[in-house]
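Common to both upcoming complexes is subunit A, partnered first by subunit B, then by subunit C.
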Partner chain A sequence: MNIAVVVRQVPDLIEPLEIAPSGTEFDFGSASFLLNESDDHALEQALLLKEAHGGHVTVVALDFGDVDNTLYTAAAKGADRIVKIARDDAPPPPRAAAVLYAEAIKPIAPELVLVGVQAHDELDGGVAPFLAAALGMPYVGVIRGVAVGAEPGAVAAFKEFPGAVMARMNVKLPAVLGILGADQPPRYVPVSRIRGAMKTTQFEESAAAAVSSEPLTAIARLYPPAAGSRAEMLSGSETEIASRIVDILAQKGLVK
Partner chain B sequence: MAKDVLVLAEVYRDALADVTWELLAAGRTIASATGGQVLALVLGPNGAAHAPALGAADRIMVVDDPRLADYAPGPYVAALQEVTAAEQPRAVLLGATSIGWDVAPLLAARINAPLVTGCKEIQPEGEALRVATSFCGGKMMAEVRVDGAPAICMVLPGSFRPADAAGQAKIEPRKLPSPLEPGAVRFDGWVLPEAGDVDITQQDVLVSVGRGIQQKDNLELAENLAGALGGAVCASRPVIDQGWLPATRQVGKSGMTVKPKFYLALGISGAPEHQEGMKGADLIIAVNTDPQAPIFDIAHYGAEVDVLDLLPALTEAIEAKRG
Partner chain C sequence: MEYARPIMWNVPHWAEIALYVMIPIVLAAFAAGVYWRARKWFLGRSEPGVESVPRLLLAAIHPGRLARWTPAALFQSRLSPDLFALVMHWAILWGMAVLFLGTALATIDQDFTNLPFDFQLLRGKFYCLFEIALDVFGVVLILGLGMAAYRRYLVRPKRLQATRTGVSLWDGFPFLATIALVAVTGFVAEGLRIAEGFHIEARVAAAEGLDAKIRVLDEMGFREHLHVGRERQDVQVNRIADGGRVFPAAIWAPVGYGLGKAFEPLSVDAIRALHQGVWWAHGLLAFGLIACIPLTKAFHLISSPANILLHSADPPGRLAVAVESGVTNVRDLTWRQLLQVDACTWCGKCQEACPANQCGFPLSPRDVVQAVDSQLLRTPAKANGEPPSLHDSRVRPEELWACCSCRACEEICPVFVQHPRLIVDLRRHLVDQGQVDEGLQDALMNFQRYGNSFGQSPRKRPDWTKPLDFTLKDARKEEVEYLWFVGDYASYDQRVQEVTRTIARVLRHAGVDVGLLMEKEQNAGNDVRRIGEEGLFAMLREKNAKELSGARFRKLLTTDPHTYNALKNEYDEVVAPVLHYTQLLDELLRGGALRLHRKLDYVVTYHDPCYLGRFNGVYDAPRRVLGAVGTRLVEMPRHGPNSFCCGAGGGRIWMKDAPTSQERPAENRVREALALPGVQCLVVACPKDLVMFQDAVKTVGAEGRLRVADLGELVYESLGITLKSMAEVAESTA
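Up next is the complex of A and B:
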């Protein structure tokens, strides 16, 4: 199966996010970036399908943040081709980004396109459904696990619902799936293999397509959420905090 | 300018999604300002059966088509698109649910309409809508202005006070101009969780672990504490994604909704999707090294320490108390 996977860089939320003086965008000057978690699962799902049924995995990414490291890691894990979309600016919103990914993916002619269902820095929907629209392919998202179905030319995708319930969806190919989780956790790859991939992997550069820049929404301001009724913070050593928690539980009759 | 607000009253396994009544409340806020009506749309052959619960709407439309008996993106989006085109609403409101995450962007793409996700507040401002939306795992908010109509808004569950008023709205059966096509994605059946695991929805005490637990071996520390407290261990999504605990132990939007007497959140940041499943707990104590973690916004007590340091001390203290 010929599979394309989109991977994106997102700001690491361990670091505080800085708002630019304009108040309407982030100041990424001091931010660090990492691979979007659900994209990591999309890549893992693609590699699992390839290992089980054969095929070819192409990873597609916009040139942004620490993407080279992400792409070398993908190659070390088993991706066959890496396509990097050349671009100077930060990634555009999902709908416009989807057009960029679509133009890079069309020549690959994949049977299956896997994308993380969501990235935490997106405000106007995920890339995955807009990519499906741009490619003219069907879409279903919030998928946790994909199997090659009994029907030729189709896969079974497991769509997550509340209560640990899944819907088994039969998906005719070609199609785009929004991945929430892979059948297995993303694999670990040793640094030595990543270094090896750095020496042997050639990125294929793809020119960024022209994107209509007329946004349908406008950010008036970014701001940290207002602190609601913040928790009463317990301080002291771990032993002191533990003792305080026991007192609270005892007062409520939860520990006797 | 369009005035009405269309609400997708989502049906999941023969029941209306809980967020439906929040969507009706949000819809009323908008419609009161625009002078429009709140229109509820139910898709599916049994749609009319849900109408009595939608009294907060001014009109209730039901599209009864066998293709809508079970969820599939193609027929759902096609039906919603037809009704949207006919009613020309100012806004279309959907929940940030498994179905909403498919249908809202697919509809937005088809009709080139603006889409805002993570909506917590929606207010008309002149002919525009001003939407407060949460993103970056609940660590950032954005105020978004939407001029075009219909504005497609995905509402975060827990953001609006549910509107469950009784009303006089009659059911309006809606016939689509042409039969729905099956689409390339077909529902093939439900896969239910295996029986036999602990039912975390029935526990009085839950020790819940997140990314801060760091590795699977450390789960034993949480199991020990849960044992001392007479409770069970559950987790946020990253722990389940790692395969360290079964999906039946997941708390949050796509997992279980729990309301224990005591919920101890260990190394959980508290993204809105997690809060959705546990904010009803009687007592919430959160432990996280990140002072900005959103979990501290809903916890009653908090501690800014490493969970791996606190866990043994707390287990020991509980056991000492119990003698």
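Up next is the complex of A and C:
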């Protein structure tokens, strides 16, 4: 199966995010970036499918942050092709970014496109559905596992609903799936393999770089959330705290 | 002329010839067997740092090295903690050795001096000595075998019991039983020979007159029995006809003599027939035994001394790396490692010492070694292709991950097997395949990204210094005497941070000029290397080495034994001396730079951290400091080189406990400390130990009964003056 995977860099929240003086964007000056977690799962899912059924995995990314590191890691894990979309500045918000990804993916003509269902920088919505729209493919999101089904030209996608209900859906290909989790957690890649990939991997430049990608959303103001004052800290001995909790629950009518 | 050892007494000529035909065949079989086994070692790769094996052998034959080899190889010095095993092993080895040498000497006596020159070495007093030596060592051998049988088949300690199919306690039985039979048939043959002597003496005594006596001797075939020249026959005939004893030295062979008396009632014919039968049995069994040595566990007679002789001269804290991506099959190991597994005697000492094994984790270092050895034995010496993988069914991942790299096994192994090295080599393959425990994967990703296992920002590394009322120098900006390489736990763990600050205060009080690498320090990689992530270790070492080369300092200092080990033994870039803070405190106290103002009257016990003690031999410095601050030290039963690991090493601190585990090693250790009468405080000298033991004190429910304290805290307490100044600091900031 010919699979394309989109991977994104997101700021590492280990350091506090700074808002630039303009007040409408982040100051990424001292931030470091890492691979978006659900994209990591999307990549793992693609590689698992390839290992089980053969195929070809192409990884598509915007050139930003520490993306090279992420892409070498993807190559070390077993990705066959790496396509990079050159950028001068930070990536645009998802709706605009999806256009770029779609442009880069079209020449690959994949049967299946996997992308993380969420990222913590999605200002105007998730990339995954926008990408499906731009590619003109069907979309299913919040997927926790993909299998090659009995039917040719389709895959089985597993989706979890609240209340511990799992659904198995037959998805006709080509399609875009928004991945929440792979069949198994992403495996560890040793540094020596990443270093090996650095020596042997060639990145391809995507023509999508030439497409203009004006943000479709304008940000009026970025600000840290105001601290709420609704929390009440209980103190005292264990018994006191316990009886306070019982009181509160009774007040709210939750216990009699 | 004096009497001499009878040669081939009662043995017909054809049998003597048959014996001579067999000797070269047996020796050739033995040599072929040794060659077949030894060739397999060289299925392995070359050993890092060793150019050629012949040259290494030449270098090993050096008086100094041989002096170190002799006690370990010939006298099994590493068995000394187990007196029973030591005595048993001496008895068997030296019993066999003396009997073998005696037989060899008898052969020389007979073939190299008697046959060509009609002269014997074994005569007179020397022969008496020979007789008693062989009899005594024969008894010693049988006793040793009895001890072995008692241990293996009656006591049956766990370390000798099989846990896997394919190996069993009874494997060694045929060999041990054959040795016993050789010894017993030797005695019986001797007794029968002596019994025949008694009959001859009686008949000679019964005959009247010299001629009649000589006639009796001739009738009994005495001359033929002697296998010596005519002249010497005459001498012996005359001596016995004169009333001399047939075997004057028999009395020097008390066992043979006693058996001779026991067999005396039998007829001469019966004695002769029996003697020939037993003589053959003795000879054939002994030959069989020699030929079989390379095919049985007794091969350790060759492989173990060879391994001890060719043992690595590197410090124990330096892990050898032959294949970065790890070991999949026996051919990925080096010849030295294959020699090691072949040298294993299956004594189980390593298993008994292993903290993982004792606490119910699924690991026996003995079984790992045996699994590799049995695969080696099944691999043809001419293997060209890939032998089967050592992983999964032979060595399971959970075994490999259970190891806390404490080196207790290697320390105790009588034949110098390096289990941790083997385990790390096998782990590297798992890491290469991405097969790592979840917790470990998080830790490794954190090391990759942030250079610490806590997943904390590198920028926060020096944050522990903030509450101090003085600033520590930045060694990248100004020259310092000591560059303090702090380590992860000491920098990031909240409980340890306070101890780290305490040590900083002590150093300041003593006027020690220290500086840090601040946020540029990364984990030194000691445990990363032992997890089996060699590439990540190399990356961390590169980064640290780069920062170190940019800093100006004279010596390196650390409180963390793991960091100490890596900097000292595995950072080739670092040429400066590396000190553990216990060593520095000891120096400061002895040199007078640190004066204590209060004697602490605590009764304490001290836990030797693996990477300080067993890996680097630092045992005395911390104990001297404990003495200097006034505490009374009560040692735990397992201390010094025999110390018991806290269970944190080798990456274990980040992994989940095995489902089979009964207790954590740290809990086991805390119970050991609690069992000591009057001990109030368990003193540690390692940041990880502090965390592990403080947790363990809680989980065993001993809170309030045992304090876990760092050595630095005790020194600080006894510095009275510092306490005062700290109070002042508190006042001034209030």
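The rule we apply is simple: the second predicted complex is superposed on the first by the 218 of 256 C-alpha atoms of A that agree within 3 Å, B and C clash if a C-alpha of one lies under 4 Å from a C-alpha of the other, contacts with A are read in each partner's own complex, and residues count from 1 in each chain.
The rule we apply is simple: a residue touches a chain if its C-beta (ideal position, glycine included) is under 8 Å from a C-beta of that chain, and two chains touch if they have at least 3 such contacts.
The shown structure was predicted, so the numbers you read here are calculated from the model rather than taken from an experiment.
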Inset, instruction - Would you check which partner chain A:Leu34 touches, where first means subunit B only, second means subunit C only, and both and neither mean what they say? - result: second
Inset, instruction - Check whether A:Val189 is in contact with subunit B, with subunit C, with both or with neither, and answer first, second, both or neither. - result: second
Legend entry - subunit B versus subunit C, judged by how many residues of subunit A each one touches: B
Inset, instruction - Name the contact category of A:Glu15: first (subunit B only), second (subunit C only), both, or neither. - result: second
Legend entry - subunit B versus subunit C as contact partner of A:Leu123, first or second or both or neither: first
Inset, instruction - Residue by residue on subunit A, keep only those touching subunit B in one complex and subunit C in the other, then list them. - result: 14, 185
Inset, instruction - State the interface residues of subunit C toward subunit A in the complex, per the touch definition above. - result: 324-325, 431-432, 434-436, 438, 441, 444-445, 448-450, 455-457, 459, 533-536, 538-539
Inset, instruction - Could you pull out which subunit A residues touch subunit C in their complex? - result: 12, 14-15, 34, 185, 187-195
Inset, instruction - Flag every residue of subunit A that touches subunit B in the complex, lowest number first. - result: 11, 13-14, 16-17, 37, 41, 94-95, 117-118, 120-126, 129-130, 132-133, 138-142, 156-172, 175, 178, 180-181, 184-185, 216-225, 227-235, 238-239, 241-243, 245-246, 248-250, 252, 254-256
Legend entry - Residue ranges of subunit B touching subunit A (in the complex, touch as defined): 12-13, 70-74, 98, 101-102, 104-106, 108-110, 112-118, 130, 133-148, 154, 183-193, 204-205, 229, 238, 240-243, 246-248, 250, 253-257, 261-262, 269, 282-286, 290, 292, 294, 296-305, 309-310, 313-314, 316-318, 321-322
